[in-house]
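Two complexes, one shared chain (chain A), two partners (chain B, chain C).
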Partner chain A sequence: MSELRILVCVKRVPAPGARITLTADRQSIDSKNLGFATSPHEECAVEGAIQLVEAHGGSATVLTLGAVEADEQLRYAVSVGVNAAVHVTHAGLTDGTDFDAQATARALTSAITSLEAAGGAFDLILFGNESADAGGFQVGVRVARSLGRAIVNGIKHIEISDGIVTARRESADGFEVYQLPLPAVLGVKEGLNLPRYPTLPGRLKSKKVEVLVVEADRANGGLTTLSFDNAAEVVVQTTMLGKGPEAAPAIVDLLEELGLL
Partner chain B sequence: MSGEILVVVEHDRGVALETSYQAFGFARTLLTAGVGSSITAVIIGADADALAAEVGAHGAALALCAHHSELSDYAPEAWGDVVAALIADRSPAAVVATGTDRGNEVLAHASALADLPFASNVIAVSAGDGLALTRVRWGGSLLEQARLDAAVFVLSAAAHTFSAESSGADAAVIEVFEPALGATASRTRIVDRVTLAAGVTLTTAAVVVSGGRGVGSADGFAPLIELADLLGGAVGCSRVVTNNGWRPHSDQVGQTGKRIAPELYIACGISGAIQHWVGMMAAKHVLAINTDNEANMVGKAEYAVIGDLHQILPAVSEEIRRRRATA
Partner chain C sequence: MSSDFPTSAKVVVIGAGIVGNAVVGHLAELGWRDIVQIDKGPLPNPGGSTGHASNFIFPVDHNREMAMLNLDSQRQYAEMGVNNSCGGIEVARTPERLEEFRRRMVSAKNWGIDARLVTPAEIKEMVPFINEEILLGGFYTPSVSVVDSLRAGTIFRERAQALNALQTFANVEVEDMIVEDGVIKAVVTDRGRIDAEYVVVACGVWSPRIAAMAGVEIPLTPAVHQMIDVGPIPILEASNTEVGFPIIRDMDTFCYERQSAGSMEVGSYAHRPIFMTADEIPSIKESKLSPTELPITMDDFDPQLEQALELMPDILATAEIKYAINGLLSLTPDGFPLIGEIPGVGNLWACAAIWIKEGPGAARMLAEWMTHGQPEIDPHQSDISRFYPYARNDHHVRARCAEHFNKTYGIVHPREQWESERNIRTAPYKDRTDALGAYYFQAGGWERPHWYESNRPLVAKYGVEDRPHEWDARWWSPIINAEHIAMKETVGMVDLAPFVVYDITGSGAMAYLQGLTVNNVDVAIGKSVYTPVLDVNGGFRSDLTMMRLGTDFYRVITGAFDGPRDAFWFKKHLPADGSVRFEDKTSAFATIGLWGPKAREVMAKLTTSDVSNEAFPYGTTQEVLFGSLAVRLFRISYVGELGWEIYVPMENARAVWDLIAAAGQESGIVPVGAGVYGTTGRLEKGYRLMGAELDGEYTPVEAGLARPKVKSADFIGKAAYLAARDAAPAAVLCTLTVEDHVSPRDGIKRYMTGGETILTLDGNRIVDAKGRISTVTTAGSGPALGKFLLMAYLTPELAVVGTDLFVNYMNESYPVKVAVAGPTPVFDPTDARMKA
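Take a look at the complex of A and B:
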């Protein structure tokens, strides 16, 4: 078949470790001492796009809606092999804040529509199953519906042949198979693949790549975030069963006590 | 706010899980908060007709059974079309499902079609101006207070948060209808299924022996597998492990892996990052095995052993074999 045009939508999110610290006004995660990352499902979407282009030819484009700092995630995607990058941005977006799901979907749909008008339709658009921070489980579905394209979420395996994408979704005891005609949209999950690391030439290319910057309109939807709270901390009295292999009998006693032997 | 609360009943070829019925517990919470005045179950596909006999006991006064030749198996677009058509026809007060992969997916489709906001993974609600709600973010580690303004409240209930108990033996009135599906509804239908796992799986095992970076390598998992086998349990792991290719992703526990609730979770060489914790916090008991007594997992676990997992686990398996031989 002819060459593929693939688009991947990624989000820059803070990467908190053992516990999440909030800002004093409880309006966002305190990211002063945190790194930022691409949402894990979307990292796999980027890798999936690169692998499909390697197999079928064509090009992969990465797109994000985010604050100026999200440029870092776009360039990272280029450093591992994506061909082009689009940064949809808005003056009101700061690091760690976001549009609501409806506003995000509208901004992405409008950006995608312009990109397609200029360069032709994307055969496949990849989203994450859910963003790591907001976890709305909906932006990909909203965009696909606006574009009138088929979408299935939860995908952990993708194959394309003869204008059809065959996708697998994990089930309790194995997987379900879906077949969608192209152009199509998929929401993928981590486990789709193991994302590669940047190469030196990739890093150089990512520094030089021209990122297309697009101003977004903000059309808020009906769900408004008011503030954040930490989930209740678990407070337990830890019972120490011992140190080293000498603790084995105590562990087996516990297994017995819980009726698990 | 009067009107119906539509509950989308999740099922797989006619089989509903406990999580499916948690959506009714959530609907009853909405009623208590003053949203809606009755519960209507939405059962999609003729293969699930038998479920209509169950939903009355969960509080539904009416069961709407959607029959259509295209609705022979789960199909996200078609299911979303059905729910969106019901929103348009019946103007319900709210539409809810449990926030599983399928539940969230169907409500995302329905809300996209109806151009309504959708709040996923809600844990609490209170009525006022609009709807005040609390939902979980970051896979469950952060709570968001939000306000929903909409003609119809589309909400999924965070799984394992609301009761799936049935309160009595009341029967719902059953109505069968044939929805008009969009021309493209059948594009995303399950065309095949493949069964891989037989017997105990990570999600059903009573004991999970789970390993993290501290295991050190793929081969390092041998003593974990040995202990899991002895206990009839399953092996789990952290994201560091799957990222290193030591175990398949289907073994990963956490925000971007599986959510599990075993009797006992044995965390070996796992530090206890929040994204891991949310995947196993529903375990009844947790035993941490770690060289670092300051590790987060050690502080949060009910039981802990400090030391090298590579020495401790073989000793545990040995002790189990010794006791079984002398029993």
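Take a look at the complex of A and C:
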């Protein structure tokens, strides 16, 4: 087998953990205080790609569709060890806005097709299982289908040998193991690995890397965003069970109630 | 509203970071009870700056007040068992920084902090992973420590709780502050209203927002300080401790590297200033980490990555950036904390813009101030009432903070001038002073000529020596000395527009002023009084001059640097019955000084009034006409020469400037800058300056300003003043001459800038019976004497004319001699010239 070529598709999303504030017109999110990150599943995909390249040689490329700001996520991937970066852009994209899944998949497929035409097929294309913001669960599947390749989602373990990728995903009773001939596509989940952080030299190197910018076509049709709404807030009620040794009976009662005793 | 939430309290403390916690601890210890503390976040880390602080203390500071706050805080942390001494090294990459370290050695010596200069090899020995090849040397302080500020906060709260003094409520948001008749009455929260006699705003970056609810300003801005945590690093992990290696401050790159268990924390003050407003800070829910740990803007940090890699290549090349934040901290326009009662609302106190290193000390200062009326450490620099109105708003705060943020690790000259917010207060004749080539310093926001380039020919004429070392000559000109000599030969005119003028009127004016001042103000109309104004402990609150212009009319003149503090004090003590009226007339009058042996000759041309010594004796004031323009003359002098201060309505000031210049032409009048007025002229006459020689830690007796008799009227600080008069002084303010300026190190003549340590001939610093250290309060030329003069407090046995001592300047000793002990001027000791 020639050099392993892996592509990781990532998406810039608001960093999870903070409550998202919407703009007054509810047409977009208020990004004033938001940090942005790569979707967590995709961070694992990036790490997975790096580990596979470390193990087998070859190269990993990161690709995103997004506004100019998404450059940050491409460079982050480079800073942790990805070799090359591709930015699929479109004038209509501003930070925090999306194409719908269909249009995204179309743009990615078109970009991947030209990348492969120029540099050869990617042996493995990794997606996150779903994005942290839109959570459509569609893009990976659509791209795989368009490229005519097999895909398995929900992957938490990957091995490659002899032109075969072995992927594992959890099920209710244990895990399922799939073997796919390369080239293949996988949708991975958090838990695949523990993504590394950038090193200082890695960060500095990422500043210098040349990102390949590709203009995306935006086909008409598809879904249109009307407005955003916040999910109902889950109110957590804290009850003081008491202080010091006097609290012990109440704690015992609660543990019993929860079936833990 | 839950039933256990209090509806009233003696004092409400808003904030549970290191400051709020230390405040409740100290208030309780000083006897306060019924304290309610609230914070909008959870405990023990409510999400403010304390929660992400690096928690280290480098105790050495050039400024006495900050050094004392640092040391006091370090003592308090140590007493609580949360002070971990790891040592710290400030490293130099440039020769300028090495020179700064010599200056830091002086400050270390001043405050009794063990420190030494170390070579790159010595640094390498202590910090084996450092690249010593890029370093020129270091300043090592063994007592640098890392503290546990969250634990300290909990201990402070527990101590107050143990005294049954404190209830603390987390997750309580302040919604409003209720002020009635200019006094704070209540704090309204999302859990109900708490009526309170006192309120302390100790909520760090949110303080301006809370103050605004009470209609006042706390002039600070939340500012970003970037920080990353890099690890794991095997050599650090192997040390098996939180901080096993000295903390490195890479001074020339404005960065620090501080071990944090197995990783290295790299913090920066090098990036562009990034400010927010208190209202823009995200809520706890909107924050991924905490409201003051914002997502890092990594592009701003990248240059520091390269510098850090250069400094510690072996350990930083492979470690990962695990944590990176734009951390919020508080900055103020002048870099000092904001402590004290907030002008405008009675009983509303601030304790804000305080970092971990000075937190407990600042809290003790505030608690003592609230309890006794005056703290032990003089709060002159931190006093929140120090700002003029223009300096309290967001625009000014941001302008100044943007300017000084990158000077956090900078080398700041003692005479350094601001570049932002200039030309905001100018005299009406500024076009004239501009034309004379005035070099302006800023005083109370005013542009004040410090010297005039038009006088440069006088430098050669009088053979004034330049200062060969760039540092000594910075923000200085030999022209100052030349102007001094010229004024004493002929006559000089001095722009004194920044003078602060208060009119005190009303039937109660005299009694009111008697209650504030040491000296008797019940003088004849047309006479004047110079008087100290004391705090309750008998230390200096202010010193000022007032003219009695009518039975119920006094005009108070005070310095530009202390105007707001004095205004606060005067207003705070106004009687409630309306019998006294306070008016700030600073903007109504410009003042021009006319002094020199030929001043009377010039004055006689300006007015037809009799200006002879008999008709117009020293210390008196009269209104006269300059042509058609009424001006007030005040025969007084801060420069030791015959002459007057001329008070002119602002709209006449430009015309009067021209009249004086024209009338003085034949007499050889020269424009004279504040370099003479504030330093050389003043020093030769031994005049004391508030904030230099005079502060809350020294008494009029020690300053040599006690009069033979004490007035019968009661006044603030009288009991302490009487006690000070009865006791032998612990220190005596002296004037010293520098006997040899030549540097032992490089043979260059050096000239002190102020703040240096006075040493005995054995090389020991001088500490008086009250624990105060002899440092140079003012340094400057005495051109008429041909000597360089220093003022310093000395212990009585050393305060003897002729005593030989050393001054420690840039870590070198220069011989000095006591020229005068006490208030007698070194020049013209009988004041014959100004009373001519």
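FYI, the second predicted complex is superposed on the first by the 238 of 261 C-alpha atoms of A that agree within 3 Å, B and C clash if a C-alpha of one lies under 4 Å from a C-alpha of the other, contacts with A are read in each partner's own complex, and residues count from 1 in each chain.
To be clear about the criterion, a contact is a pair of C-beta atoms (placed from the backbone, for glycine too) under 8 Å apart; a residue touches a chain by one contact, two chains touch by 3 or more.
Just so we're clear, the structure is a prediction, and the values are computed from it rather than from any experiment.
Asker: Of the partners chain B and chain C, which touch A:L34 in the superposed model: first, second, both, neither?
Answerer: second
Asker: With the two structures laid over each other on chain A, which partner does A:T21 touch: chain B (first), chain C (second), both, or neither?
Answerer: A:T21 contacts chain C only, not chain B.
Asker: Let me test your reading of the model: by the given contact rule, A:P201 touches which partner, first (chain B), second (chain C), both or neither?
Answerer: second
Asker: In the overlay, work out which of chain B or chain C sits against more residues of chain A.
Answerer: Of chain B and chain C, more residues of chain A lie in contact with B.
Asker: Of the partners chain B and chain C, which touch A:F228 in the superposed model: first, second, both, neither?
Answerer: A:F228: touches chain B, not chain C.
Asker: Per the definitions at the top, what is the overlap between the chain A residues touching chain B and those touching chain C?
Answerer: Shared contact residues on chain A (touching chain B in one complex, chain C in the other): 16-19.
Asker: Taking the touch rule as given, give the residues of chain B at its contact with chain A in the complex, in rising order.
Answerer: It comes out as residues 12, 74, 76-77, 80, 99, 101, 104-105, 107-109, 111-113, 116-121, 134, 136-150, 156, 184, 187-198, 201, 203, 206-207, 231, 239, 242-243, 245, 248-250, 252, 255-257, 263-264, 271-274, 281, 285, 287-288, 296, 298-308, 311-312, 314-316, 318-320, 323-324.
Asker: Which residues of chain C touch chain A once you look at their complex with the stated criterion?
Answerer: Touch residues, chain C against chain A: 230, 280, 282-283, 285-289, 294-296, 298, 302, 305-306, 308-309, 316-322.
Asker: Taking the complex as given, what residues does chain A use to touch chain C?
Answerer: Those in contact with chain C are residues 15-19, 21, 32-36, 72, 196-201, 203-204, 207.
Asker: Using the touch definition from the top, list the residues of chain A that touch chain B in their complex.
Answerer: Touching chain B from chain A are residues 16-20, 29, 40-41, 100-102, 105, 129-130, 132-138, 141-142, 145-146, 148, 150-154, 156, 168-181, 189-191, 194, 221-231, 234, 236, 238-252, 254-255, 258, 260-261.
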